[in-house]
Structures are given as C-alpha cells and as structure tokens.
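Two complexes are shown next, each including subunit A; its partner changes from subunit B in the first to subunit C in the second.
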Partner chain A sequence: MKDFIIPWDDTDFGTPAKSGAPVSLIVDGIEVTVPEGTSVMHAAAEAGIQVPKLCATDSLEAFGSCRLCVVEVEGRRGTPASCTMPVAEGMVVHTQSERVRRIRKGVMELYLSDHPSDPASCIAGRDCELHDMAAVVGLREVRYGPGDNHFQPERDGRDNPRHLPRDESNPYFTFDPAKCIVCSRCVRACDDIQGTYALTIEGRGFDSVVSAGAAGDDFLTSDCVSCGACVQACPTDALIENRVIELGVPVREVITTCAYCGVGCSFKAELNGDQLVRMVPHKGGKANRGHSCVKGRFAWGYANHRERILNPMIRDRVDEPWREVSWDEALGFAADRLERIRKEHGNKALGVITSSRCTNEETYLVQKLARAVFENNNTDTCARVCHSPTGYGLGQTFGTSAGTQDFDSVEHSDVIIVMGANPTDAHPVFASRMKKRLREGAKLIVIDPRRIDLVKSPNVRAEHHLALRPGTNVAVVTALAHVIVTEGLADEDFIRERCDWDEYLAYAEFVRDPRHSPEAIEDLTGVPAAELRAAARTFAKGGNGAIYYGLGVTEHSQGSTTVMGIANLAMLTGNIGREGVGVNPLRGQNNVQGSCDMGSFPHELPGYRHVKNPEVRGIFERLWGVEIDPEPGLRINNMLDAAVDGTFRGLYVQGEDILQSDPDTQHVAAGLAAMDCVIVHDLFLNETANYAHVFLPGSTFLEKDGTFTNAERRINMVRKVMAPRNGYADWEVTQLLANALGANWTYTHPSEIMDEVAATTPSFAGVSFDLIDRLGSVQWPCNEEHPEGTPTMHVDGFMRGKGRFMITEYLATDEKTGPRFPLLLTTGRILSQYNVGAQTRRTDNMVWHDQDVLEIHPHDAENRGIRQGDLVRLASRSGETTLRAEITDRVSPGVVYTTFHHPDTQANVVTTDFSDWATNCPEYKVTAVQVAPTNGPSEWQEDYSAHAARSRRIAPAAE
Partner chain B sequence: MSPDKMIHMANQIAAFFNTQPGGDGAEKVAAHLSDFWEERMRRQLFAHVDAGGDRLDPLVLAAVAHLRQPAGQTPDA
Partner chain C sequence: MADTAPEPNAETLADLIEAQRHLEGPLLPILHTIHEAYGHIPDTAPALIADRLNIGRAEVHGVISFYHDFRRLPAGRHVVKICRSEACQSVGGAALSEAVLAKLGIGWGETTANGAVTVEPVYCLGLCASGPAAMVDGKVIGMLDTDRFDRVLAELGA
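Now for the complex of A and B:
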C-alpha cells in the first residue's frame, strides 16, 4: 500500500524567484546568497526567516501595500518594505527590531479594526493569513472601537453604506467585501496570472473596494472566467470556495492530475476524511505552475452526480430496458457474446476503443486486450478524430509525433504562431502562460477563420490575424514558406546542418513557384496578401519562433499535409531544438498523448512501432505468450464501416462517446446498431450506450492510481483520492473482462503495468512510479540516455536523423459550398464545457453555457432574416439540427461556427464523413451548410430524444 | 464500406503522392495502403480493381501491383 500523502515544499517565499548573479547578505545574523534582483523578503525566506506579510505571495510580483513586511537595514534610513526592496551585496537586515515590531503591531491593529472580530465568522480559520499574522506580530487587543467600517451591516441603528452585500453570483465561490483587506492580491492574480483583467479596485483610500467588471456587474456578469486564481490568492476569507463554506477547511491533501484537457495541471485534492472539499492547483506542478481553470478547479462534482451509474447492467437487445446485475453476471454475459462472435465470424470481428481520458495503464490494458486476447489489431482511440495527423505529419518530417517543447518554453518565445487552436477556451492554463509572455512583448500571429479571444483581449493584441477560409490551411502555410524562401529569410545554416539539403532544394523550388505566392492565393484563402507577407517576415525575423496548433489544423482532408507544412516552417526558420521554439500540438484530452504512446492505434504497438516489424512483435509475443497479428487493424471509422457491412460485430469502448463525438452521427448509429455486442465502460449512460448491450460502470480520476501524459509528453501521477464508487478502478474492470475471456492476467497495482510498458518500450525504459514520485513528473523519452526525461526534443539532431522537408501542395476538399449549402460550418470548444460535455454538463458550469449556439455573421444573418437568439435550422448533406443563432462578427461572412458540447444539438449530425487522406481523421472543421429560421426541433432531434429516453430505461430491481 | 467512400479514400492518398517528387509514387501509395489499411479494406480495393477499377486514380491502379495480397481469412458477414 502506497502512502497517499506525498510531502512537498509549500513555502511561500513572498515574491517570485529571480535569476541573476549571486548576491550575499546577512538576515538576522544568517548569511544567505541569492540571485541578483531577489527581494529581501525572498532572501529572508531562503534563510528560513518568514517576514510577516499580507499583500505579498510568491506567485505575484511585489506590490508593497500592506506595510507589514517592513525591516531595518544597517546603514539605511527608515523601514523599507522587504517585498519591494532588492538585495544588495553585503546588506545586513534585521527583521525583528523593536522598531519594526512596533510598526507591524500598529498596522495589524488597524487592519483588524476594520474586520469582523468574531472568530466564528472566519470561515478560512487556519487558512486565514490575517489571523495568522495577528498571532505572529503578537497583537493581543485592538484598541479602536468600531468606528467607520466596512463590516457592520448596521451602524447606530442605520444601514451602514460602506457595508456591501456578499457576491454569491458565481456558483463555486463567494466574495464577501466585509472580509476584504484590499491587499490587491486578487486583482493582481487576475491580471498577472490569469491575464483576464476582470477585477479592479474601485475608489481610493478608505473607500477602496474590490470590484468585478464595470459598475453594476457581479462576478458572473463580469469578464471573470472563474479560474479561481483570485480565490487562491486571497489571504482572508473574503474570496472563498462555497465548498469550504459548506464543509469546513480541509485537513488532508493528495497531489494528483486534472482529467480535463491536455495541459495536465497538477492539483492538490484537499479532503476531510474521504470527502473531497476542494481542488487547488499545485504550485509544484510543472505544467501549470500553480494555476488552474474553471474546469479543473471547480467542475469535478460529476463524480457524485445522481446520473452516475454504479452497477453493471446488461440487456439482450438495445430496445429493452437495462437490467442491473452482478459484476460476475455482466462479465460472463459479455464474454459469452464475444466468444460467440469470435466463433461465428472470426476474431477480426472484434475490437476495442481505448480512452484518452483513462490512465496510461488502463489504455495499455485495453489495447492489450485486442492484441493478446482478441488476437487482432482492431484498437483505436479518440486521437483518431483529433491528432492522428500530427502523428503522421511529424513522424514523416521529424521522425516522431512528439511535440517538441515543454510549456515553460513559451517564456522564451519571441514570436508565437497560434494556428487552428483556441487556447483561452480549450487549453486555458497554457493560454494564461502564453499571454504573460505576450504582455512581456512577444509577438503573436493567429491563423484561424474565427476571431478567437487571443486576437484581441486586455493587453494582448495579435500582430497579425490571418482569417483564412476553412479548408485552405495548406495554401496559407505554403504561402508563408514562399515568402520566407523568396525573400531570403530561410535559415540555411540550420538547414544545411540539420536537414536533408537535397530535399530542401526540391522543396524550395516547389514553394518558390509564383502560384504559391500570397497574391496568387488571396482569392482562395481570403487572406490579404500584404498581411500574409508581413506575418511571414515577423515569424522569420522575430527571434525565437514557436508554433502552437490544434484541431483546426488536423481535422481536415489535408490535416496531415498541414502538419508537415508547419514542420517545414519550423525547419525553414531554424526554430527547432532549443527553448522558446518548436512545433507544439495542443492535445485535446488529458491523456490523448498517453493513449497514443500506449499503442492504441491499429497499426502501432506501444512506442509508435509498426505491427509489421517482427522484432517489435517479438518483444510482446515473448512476454504475452501469443502471436501478434502483423496486419494493421481497423480504425474507428473503418470499424463502423465494417459493422455496417456485417463483418465487425463486437466492440468494447472504454471512456469514449463515439456517437456524440464522431462525425456523421447517423452513420455511427447505423454501425453501432449493426453489432451483436457493444460494451460501454463509462461513468454515465452516454449517447453510445443507447446502442450498448453491456454497461460496465467506470471510475473517475479521483478514484484510482495511474498516470496521464500531457501535451508536453509529461507523465504525471494520478493518485487515488477516494475509493471507486463503482467498486473497481477501470484497469481492474478491463482485467476482469480479459480474465472472463480466459486471459489470466494478474496485475495487482497500476505500477506493475507501467513496469511492463517500461520493459517493452524504449522511450519509456526509465519510467516507473517511483521515479515519477521522486521527480514529480517526467517527460519521455526517459531512458539511459535521458534518465530524468527530455524537456526539449531534437536538441542535437532530429529523431529520424536529418529533418525532412515535404512538398505540401494545396488540394481542395471535396466538401464544397454550392447553391444548396452556401456557408461553411466550423466547430470548436468553449471554456466552461469539455468535449461532449458528459462531465461538465453535470456540474454548475452550465451557468456559463447551457446550450450550443450558432455563430453567424450579421451579413449572413440579415440575408436570411435571422435575428439574435432565433432558433435556426442548420442543414448539410449529412443531416440537420436546430439551435439558437448568435449574431457576431467573430466569424467572417460565409462562415458559421458552433460547439459540440450538448447531445440535444448534436453538431455531428451535420458533419460529413470526409477525412484526412493519411489517417482518416474526420474533417470536422469544414462542412458546407445552409442556415434558415425554423419553428422547432428537427425531425432527427425529436426521434433522437425519444430513442435516447427509451434506450436509457433501467428495469426496476426485482423484489 | 461503400464503394464511393473507398474510392474517395484511395484517390485522396494518390492525390498526395502525385504531388511528391521521386517518381516512386506507386510504391509509396502501396506502402501507405499496406501500413494503414486493414485487410478487409485492401481486399475491397482489389475486388474493385479486378472489376475494372472504375474511377480510381491511375496511381492507385499502379500501386495495386506493388501491394501485398492480404493473407488470412475474411470474417464472414
């Protein structure tokens, strides 16, 4: 049994660490050496001396407002604030002189004179820094009576105009101005850490109050994104989580990893007993550095949602109600059906879908189930529908699909391209880190059909926004290369040294062709040529250039080609192999990187090694005692095609909702309906479960041990915070299913599964749970050469040897607009919801986004007689749905946009089954559509909702 | 899968390799198909070529000559 509680250093040094030449000083007789630029307060903390403080915390730059941290310095007059005073060589500091002690007591007395004195009113209790500091400075009484103040609702029998009511508008936290000491930590956290600038201090002097948004706003109506940074920064209980108000201050902590997006933030799960009180971002987390977003910080209540299914269920036919049964019965039923299919239709009629939300260890077991028990390679994962083109494109050019950097790298970037990604919504914590760098002066180029928030937000402006027409990525990327090559901006020294020179010459000749010039493609892409030229120059000449991209790049017919084009741009400008540069795919789900690493793809064994290689198969054959099929298996969409053809009949889906998330819903439904045995292993009766015969209840990330690998290739530990409510962690369920099929697996802890990965996969050779516990996290490759992992890839040379330039010819997608479908639909995500919404729709995040809406340009809306909020019909060649219109010039004329978080809208009824040429990654981002006002839901929506209700019936338990 | 979809997918692969230098497009298309197309899909492609290869890109037709015939049995429908 492992100890749940991992020790870590939570010291607050008061001001951030600096880097610089060493400076030595003496604090209270202790000599300490710190980097130049460090504050006296930080230096004192390094020497083990905590100077009292209220407005300072080491996640924020010093502010110098509370005057509690005053010190005396020999040879200097007065009592400077230690937080704002930088160290100097030979300085002699006294933090506890009679004079400063008297000042501090006086300051504290004044603070407390305007603060409720009743101890029961302090919710934060031991978490309250104000009360801590009163104790530290030795304040025993407050001499001032309650005069003019902010905390008494009434004074002298009348309403106290200074007393402001609590702001309870946010579902997750409360702001009580009566408890506020106006230290500005919340305002600075919102500005400097989150970068939203939603908070401000209104008024001056004694009138000062913290205010969200403009006059008349509360937290909910302001720009606040509910990241929680202000709550975390607040030294009192003026800003505090509602869970703490309800349940009290937690006393136990477990460090774990968020299960939402690919940023992979580290959190402290704070509990009382086994009751989770709150999730607080962990300062030691290397992906998030102590920051969080509304999803990871607050939206985990789904674990206890009443719709969570906790017992296994089966049914003979999908039109019957579910029957709750024992685990034994459910597994026996599933095994019988799978065996019958295997007997009647052969082993290739079976397959699995691994989950990008489950742990590496769980994913590894699911693909092992296909390979070792079903004896085929019919395994795929949702990366198919998001980043499979990254795997192919970067594999061809660099030799590995790995993103090249860690997130810290952005702190060294000078020019950043964000292409087909919307980090402030989909990767919010990384976006905050990027925005910080942008505020420091880095330049930003956004390539996106839509005006995402990064294009223009407080203190961030994109230098260039190339608002291209959906489907023309390759043309734009090739034109950028055209400008760089024809204007002599290519880094030829880098190319000669690191890339194949002959391939470069062929590539240069290709891009030089005038048909790739910005002028030649302007009509096609809609991007003004001058703007594109300027962007290319900015990128090529601006210093460290980094490219971040998302699904707006991959989810196209030419997804893989665009990825290659991006890799070309990075090589062309020498932006590979050091900090601040690189090609960075922003991965969607928490463990999409890991699920790919673990061999979820039908052509690759763990570690991205093709199944055709006998020596790789041999490794697993010796260990598993089975013969591995040398033929690639079916990809998700191919499985569904084969199901419709009748040759694929049994599927085990762990933690993925293919009916909602995959394109062309009606085709997915037809495929699922044609199967004899669909096993859904999930938390909820998701949309796919409407077509399932067996439901195996899943466990949440709070209920199991394991690892997730984020977009930086960082393997982070997931630690069990509470026992699984459904009885088993997901890896145990897969093992039970395998054993019901005669596999005889005997894993007793996920660490043993990781040991097996390490033993079979060279890039994971050095990885173990012990190593991760020791280092906090590790980025693969982790092996003898890189015993502590690899933050930056391709430092001394490309994985494949020489970097390879690829020809990237633009080819139009076959999804074309015409008279019937004149608009282009593109899809994306919103901050408060996550993917198909199975988790976030079951939390209070619904207050921010309770339905999917269709963004449409005023021009297109007016032509169609559509007004703001109207119900509209969205139709394509594949299907139609209805949703409300949001009229906005964020989208260009001719382009409409929606999210896919809600099953009753189901944007994927509309998307087509066109896909990337190399990987079959669906073309979600381009669908020709028509939009028109309508009165009610589409026929499909009505049928679907009736069918879903019918499919979700659970028979009452027999008496 | 529908013949239209299979033809579309095969032609998309050919379209990419038609743009690549080296004159070995047929081999590359064949390699891509062997690496990523499950045998049912390849078998469907062979059957379509045997039936005349209607609407297939000439590069796909050329690739088929380099393509391994899938071994093993097809699952029964």
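Now for the complex of A and C:
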C-alpha cells in the first residue's frame, strides 16, 4: 500500500498574488522582486518573512482592519498596514522595528482582553491564529481585566447582554460569537469566494458582531449554502466544524479528490490516526483553488452510515432474503451463474455497466472484464444517460469528446452562455468562480426554461435569460446562429483558417433561411425574438465568449444536435483555442469523463477508438491474449430489451443504480427481473439491488487509490485515506471476479492499471501516477507532444484537422403535450443532494432537502386548485407518482420541474423512453404530464415500497 | 410623520424603493425614504430592498444596523435624546438622565406606555459649554436640570 502524503506548500502569503511588471524592494535587508500591485505583506512572505496578521489571508483581498501587520517604510511617515500597502520600486521596509513591535503588542493585548483566556476553551488550539499571533508578537500578559466584554455569559451576577449564544443551527459547524474577533474574514469569504453574500457585520464599534442573514436569522435560515468558506477563513475557533469540536484538531493529512460532481475538487482529508476528522479544500487544487461546497466539504458521513453493506451477499431468487457469505462463496456463486449462462446462452448474454463514480482504473477493469473475459463488447455506462451526446457531438465537430478549457479559463471570459445547466446547484465550486468573473463585469446569457439562481442572485444578474420551452434547444441555438450569420457577425477569418470553408458555406446557407429567424421560431420556443437577437449580438460582439452547458442540452431527443449547434456557435464566433473561450460540458459525476475515456461504451475501446478498427483491437489483443469482438455491443437500454426477450441473462453493475437513474423505471425493472444473474457492486442496497442475486460490497473514495478525471479532462489523484471497511477496493473486487472466471489478472496496485492504459491509449501515453504526484494533476491529452498535459485544446488546429460545421435541423420531439398531459416536466438537481441521493440522503444534508418537490407556476397551480405544500399526483403516459407542490414563478406557465434525489418519489417512473437519436441518451428533460391534487401515494409507490422492503431483507446469520 | 404613515405593505414599499433606485448607491437614500415614511424600517423591508437592488439580505441588514438612527420599531410621538458624553457627564448629565428615565419608568431606547416619548442616548450635541444638554424632536436644549426637564416632559405629554 502506498500512503502518499505530499508536502504541499501551505504558506499563507496574506494577500493574493498579482500579475504585473516586476518591482524590487528590500524587506528587513532581503531584496525581493514581485509583480506590480503586490502588497508589502505578500512581498515580505515571498522573502520568507511572515508579517503578523489576523484579518488577512491570501484567499481574500486585503481589508486592513486588524492593524497587526503594521510596518515602517524608510522615508515615509507613520506605520502603514502592510496588507493594504502596494509595493513600490526601491522601497525599504522594516517589519520588526521597536515601534511596530510595541504597536502590535498593544493591538494584540486589546484583542485578548475581549477573548476567553481559558486555554481549554480554545478548540482550535494549534489551529488558532489568534494564539499563534499572541506568541509571535511576544505577548505574555494582558493588563486589562475583563471589563465590558463579549465572552462572559454573566457579569457582576447579571446576564451579560453582549454575550450571544452559540449558533448551532447548521448541522456541520458552529458559530460562537464569544470567540469572534470581528475580522470580517468570514463575511469576505462568503462574498468574494463563495459569492452568496449571506453574512454581514451587524452594528458598529464595540457592538459589532457577525450576523448570518438579516435580523432574526441564524445560519440555517439565512442564505448560507454551507460551503464552509467562512469556517475555513476564520482565524479563531469562532467558526469551527462540529467534527473538530467532537474529535479534536486533526494532525495528519492526505490530499485526495472529491467524489461528487464533475468539478473534481482537491481536498485535504485531515485525520487522527485512521479517523477522518474533516475534509478541507486544498489550496493547491487546480480545479477548485481552495474552495468547496457543502457536499464535498461536509457530506461524506455516508461512508460510516449504518445502512452501508460490508459483507458479500447472495440469494437464489430475488424474492428470497439475502444471505451474508464469505467473499469466496459470493464470487464462486457469481462465477458459476455467469459460466452457466455463457454455456447455455452464449457469450453475448452477459454484460457490464461501469460507473462514473469509480476510478479510471476500476472502470478500465470492468470494461476489460466484458471485452477480455466475457469476450463481447456489452459494456455501457451511466454517461449513456447524461453526456453521451457530448461525446458524439463534439467528436463530430471538433474531433474530441471533451470540454476544451480548464476551469481557470473562466477568469478570462467576457461573455458566458450557460445553457441547460444550473451550476450553483450542480457544480457549485465552478459556479462561484464564474460568479466572481461576472461580478468583475463579464456578461451572462442563460438559456434555460427555469429561472436558475444565476439569472438573478445577489450581485449577479444575467444580461439575457432565454426561457425557452423544454425541447426547443435546437431551434434556439440555430436561431442564434441565424442572427450571427445574417447580421455579418461571424468571424470569417477564423472560419477560413480553422474550419472547412465549403462546409461553412453550406451551413451558412442553411441557417440563413428565414425559417430559422428568431421571429419565425418565437411561437415555438416562447423566447421573444428581440431578446434572442440581442443575446446573439452580445455573444458575437462581446469579446471572449465561452459556452458552458449541462444535461439540459444533452438529455433530449435532439441532444447530440444541440451539442453540435453549440460547437457551431463557438466556431462561428472564433471562440475556440485560447483562454476565456470554448465549449465546456459541465459533467455531472466525478468521473463521467474518465469512464468515457476508459472505453466504457459498447462501440469504443479506451481513448474513443472504434471497435471496428483492427489496428486498435490489435493493441489490446496482443496485450490481453484474447480476440476482441469487432462488433459493437449492447447499450444499457438494448441490454434491458434483450433481457425482456430472453437473450440477455447476466449483468455486473458497478456503482450505478440504473433502476433509479434510468428512464422508464418499470421497463428497467422488467429487464432486471428477467435476468438469471444480476451482480450489484455498491456501497448500499440500492434500488437496482432489489433485483440482484449477488451483492458485492463496494469501497468509498476514501478507501482506495486511483484517479478521477473531471470535466476539464484533469486527471486528479484519489488517495487511500483509510483501509476499505468492506475489505477490498473496488478494483480488487473486479479482479477477484475476473479471476473466479479464470482470467488470471495480477494487478497489485492501481498504478499498474494506469500504466496499461498509458501503454495502449495515445492520449494517455504520458500519464503515470508518478507524473500526477509530481504535477498535482494533469489534463489529457498527455503524451510526447504535451508532456505536462493540455489545459486548452484545439490551440493551433482542431484535433480532427478542420473544424466541421454540422447542419442542425430542428425536429420536434415525439413527446408532445395534449389535452390529457398539458404540462411539460423537466428535471434537475439541487445543491444539497446529489444524483439519486444514495450518499447525500445518508448525511445531515437532509436538513436542506428532505423530499423532492414539484415546482409549478402560480397560474397552473391556481387552475388546478393546488396550494403551496399540497400533495399532488404527477402523471405521464409512462406512469405516475406523488410529491408536494412548490408554487414559484421560477418556472414558466406550462412547465413543471422536479429533482430525482429520493427513491420514494422516483421521478423516472414518469419519464418516457424517448431518447437522443444518435446516442440513446434518454429524454429526461421533456415529459408531457398532468398534475392534480391527491390524497396519498400512487399505487406504484405503494407497491414499490412494499417490494423494496421485501427485497432488502437480510437473513439473520445462521449460528 | 408616523401618524400619517401609509400601511407598510409590499406595494407601497416597492414604490418607495423604485423611486430611488436610479441613484448611484441607492441603498441609503432608499432607507431614508422608508424611514421618513414610516418612522422606522419595517421588518419586511430588508428582503424587498435586497431583491430590488439585487444584493444580499444580510448586506441590507448590515447597513441598517450600522446606523443607530434607523429604527426597527416606531418611536413615540416625541423623541428625546440626552447627551451622555464626557462634558455633559461632568456637569451632572448622568444623574439627570437617570432621574428622567426613572421618572418615566423606561430604559434607554424605550418608549413610555402612553406612546408619548422615546428616550435615546446621544454622544455630544456640540453644546459642551452649556451642558447638560438634550435634543427634543430635533431641537437642542442646554443648561438642563431636573425641574426644567420635568417641564419639558410635561409639555410633551409624558
């Protein structure tokens, strides 16, 4: 085992780094050269001199309130604060003169006179900057007795009105005003880093206290999103994690990568022994730059949830209770069944589903299990149901199936289109970075049926919100192109140089047609033509234009077409191949990019190379010593169809809950029920496991080594923080299963699997664990040409050569509203929950979102006699469910919206089996529905919960 | 002022906010307008202001709470501010204010039961040469003693 702890430089420079012309100065006799605009404090830190400070930290701009960082500058009067003073050429700074030392001691003495002196009351202990600074300035005693103060609950036998109670409303951290020094770091972190503006300083002078929200609010009722930035910024223990209060300050740290969304934040897992105390965002992480959200920072308690399954289980029939057995017995049972199916029904009756939650190495092994052991290409992955159109669409136009930028790129964007994505909820850390750029003046165009938070939230407002009717993405994107082409806004120089000119001419001819004009489609899309024209002009003329999109683009019957339309827009305006521009799919899951890269699709070997290609097959055939099937295998939905037909009988599902996450739940259930051997490899008895014969317990991201690839193609290291509670990392389990089937695999560490990927896949040729350890992370392609990876793609030319414009003809989905189902349902995610909720539902995040609700416009609600909070029946052609109504004008009339985090709601009972024409990505985002008040759960919900309870029985161990 | 104030409902508040919204840095003018209209900042106002100006509720709260003269509750019909600064204290200001509060049976910042008078502290009215000083409904009075103060309070109907 390799317990890797990297000695990252955690120096706090006090103020942020700047860029500018070099300026030289002398600090305490040491000459140092820094960029213009740098603070004296930062320059001193560069020279290795830490000026004492309390209100400054390098994640925040200088504030100049604590007066501890005063210095003397030769030739200048007074003692300026070094944090707010910019450097000047030839400056001579003294940080330790007698005068400043006396001032600092005096300041510190005043701070401590209003702070509890009992050492046991300081939870942060060695983490407490206040006590550090007292030591640094040499303060031994405080001359002032406790007079008027904020920390004594009682004074002179009476309640001290200045002493405020602790705010324990947030489940993850506590605010104790008695320990607060009112440095404003938390307020500034909330404003400048997170961009939520939930905190303020209430009152003035000695009355000042930190306040969450307005009068009468606490942290939970305020706008706080529990990202943890304030807790991280707090120099004392006024804001501190409850885990630290409970378990003490951690003394050991391991750098790893969050396993929630596609942002892929780097975290320091901080431990005592093998007990994880807290997760703190890692400043050196290039995706998150030291920021985090409520999920990654706090919602990891599911690893120890009582419902986690730690022992393998088997059963002959799915209506029997589970039997806990040894690993050997479970694997033997699974291998026997799979062998029997193979003998009776042939190779092609078996298949696998890889997970976007597991590591690259684990995914690689699962697809290898299908290709090398089952000897077919029946491998698919959950990307099928989210970003498969991205792979197809960007592959066709640009030549690669991935986003073109790194996240830093957004800092250089001038106009940003966000389409069918809700970053503040689904990709919160990236949203904070985007909001920062928007506050700096970049313009925002939101294309979404729903008024997402980015359209209007404190200090951020979209220039244009095109609230289109669900299902009309292609029409809107094509109309944007129409305006750009007909108004002469296309960047023809770029197109001539970088794209296929003839194809452009054909495309321009197509979009110029008046039927694509904003006026012509206004009735169809519901987007006012003038607004659409204005948005097109803003994008084409506004400077660096970047497009970010999510599942609202892909999960449609024309998902691939919309992706191509987006790529067209970027090429049309010359917004490809440099910082600040590009086409960026926001990936839903931590490793959805990686699972696609690793060859999870039935038609592609690792690196997006078609199985029909004999040369590519040859590479793997030589290495694996088997013949690879040249025919593409079955997609998930084809596997289920074949199962119902009786030709597909055995499935190994790693870390995915297809019953809950795939469309048309009843069809999925029928497919699973028809199989002879369903092996579920997961942390919990998920919904799919209700139909499983073998359950193999999985390991969490905290319990294994490996890599995740995020939405920027960044390969981040996942490091084992503690031993797997279930006994094996997931890659070991897959290897055990393969070996039970006679494969004879001998991997001893995931790094060997990555070496095999590098040896077989050109875009990963240079990748190794050693390289990632050295660089922190690396963005593929990483090979001889790009030895340290590729932050921005298509810089000098497209991967496929010339960029290719694609015709994007709008075709209405077959899912149409009518008298029986007059409303359009669209689905999405909420900040505190994640996907099917298997993890977040098993944490305190439930305080924010304990059930799925149906958002409905007041007009539609009134027509149906629905009031706020009413239980309503949501029905479509496929099925029906019940949930509570939330009346809001966030959605337009005619549109309703819900999330799919809770299995007892199961929005996917309602969604249909329509799907993307190119990739079968399901059309989750458009379902014709009717909504009506109701008294109780639907028949399906009742049946389902009875069935689920029955399927989850575990027989008591026979003793 | 407070007597003729319109009901603080969302619509009238929105109108008051809208009237100042074109200004650069409109928050303080809006707060002044609302305060003038109602004699205090109604509890419902911060959220509305935050929404219209597209800033956080907390930011609005921070600004309101910074200024002592923005009230959270309506004051009495008359407002008496008694100086508590050093110069007035040195000529008996502290004893005088204690006597006034005791007579009225209220504490600092409170209003008499009949709604006639609210008493608040103030830190220097610029009348240091003729203390103890106070301000009654915006008018300053110097050279106060308990008798004179009683007459003032009687006039105010306390």
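Basically, the second predicted complex is superposed on the first by the 957 of 959 C-alpha atoms of A that agree within 3 Å, B and C clash if a C-alpha of one lies under 4 Å from a C-alpha of the other, contacts with A are read in each partner's own complex, and residues count from 1 in each chain.
Keep this in mind: a contact is a pair of C-beta atoms (placed from the backbone, for glycine too) under 8 Å apart; a residue touches a chain by one contact, two chains touch by 3 or more.
Just so it is clear, the structure is predicted and the values come from calculations on it, not from any experiment.
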{"item": "First, second, both or neither for A:913, with subunit B first and subunit C second", "value": "first"}
{"item": "Which superposed partner A:641 touches (first subunit B, second subunit C, both, neither)", "value": "first"}
{"item": "Which of subunit B and subunit C A:456 touches, first, second, both or neither", "value": "second"}
{"item": "Subunit B versus subunit C as contact partner of A:807, first or second or both or neither", "value": "first"}
{"item": "Subunit B versus subunit C as contact partner of A:22, first or second or both or neither", "value": "neither"}
{"item": "Partner touching more residues of subunit A, whether subunit B or subunit C", "value": "B"}
{"item": "Subunit C - residues contacting subunit A, complex", "value": "43, 46-47, 50, 54-62, 65-66, 72"}
{"item": "Subunit A-facing residues of subunit B, complex", "value": "1-2, 5, 8-9, 12-13, 15-16, 19-21, 32, 34-41, 70-77"}
{"item": "Residues on subunit A engaged by subunit B in the complex (per definition of touch)", "value": "344-346, 348-349, 378, 506, 557, 560-561, 602-603, 610, 612, 631-635, 638, 641-642, 644-648, 806-807, 809, 811, 814, 913-915, 917-920"}
{"item": "Residues on subunit A engaged by subunit C in the complex (per definition of touch)", "value": "196-204, 211-217, 222-223, 456-461"}
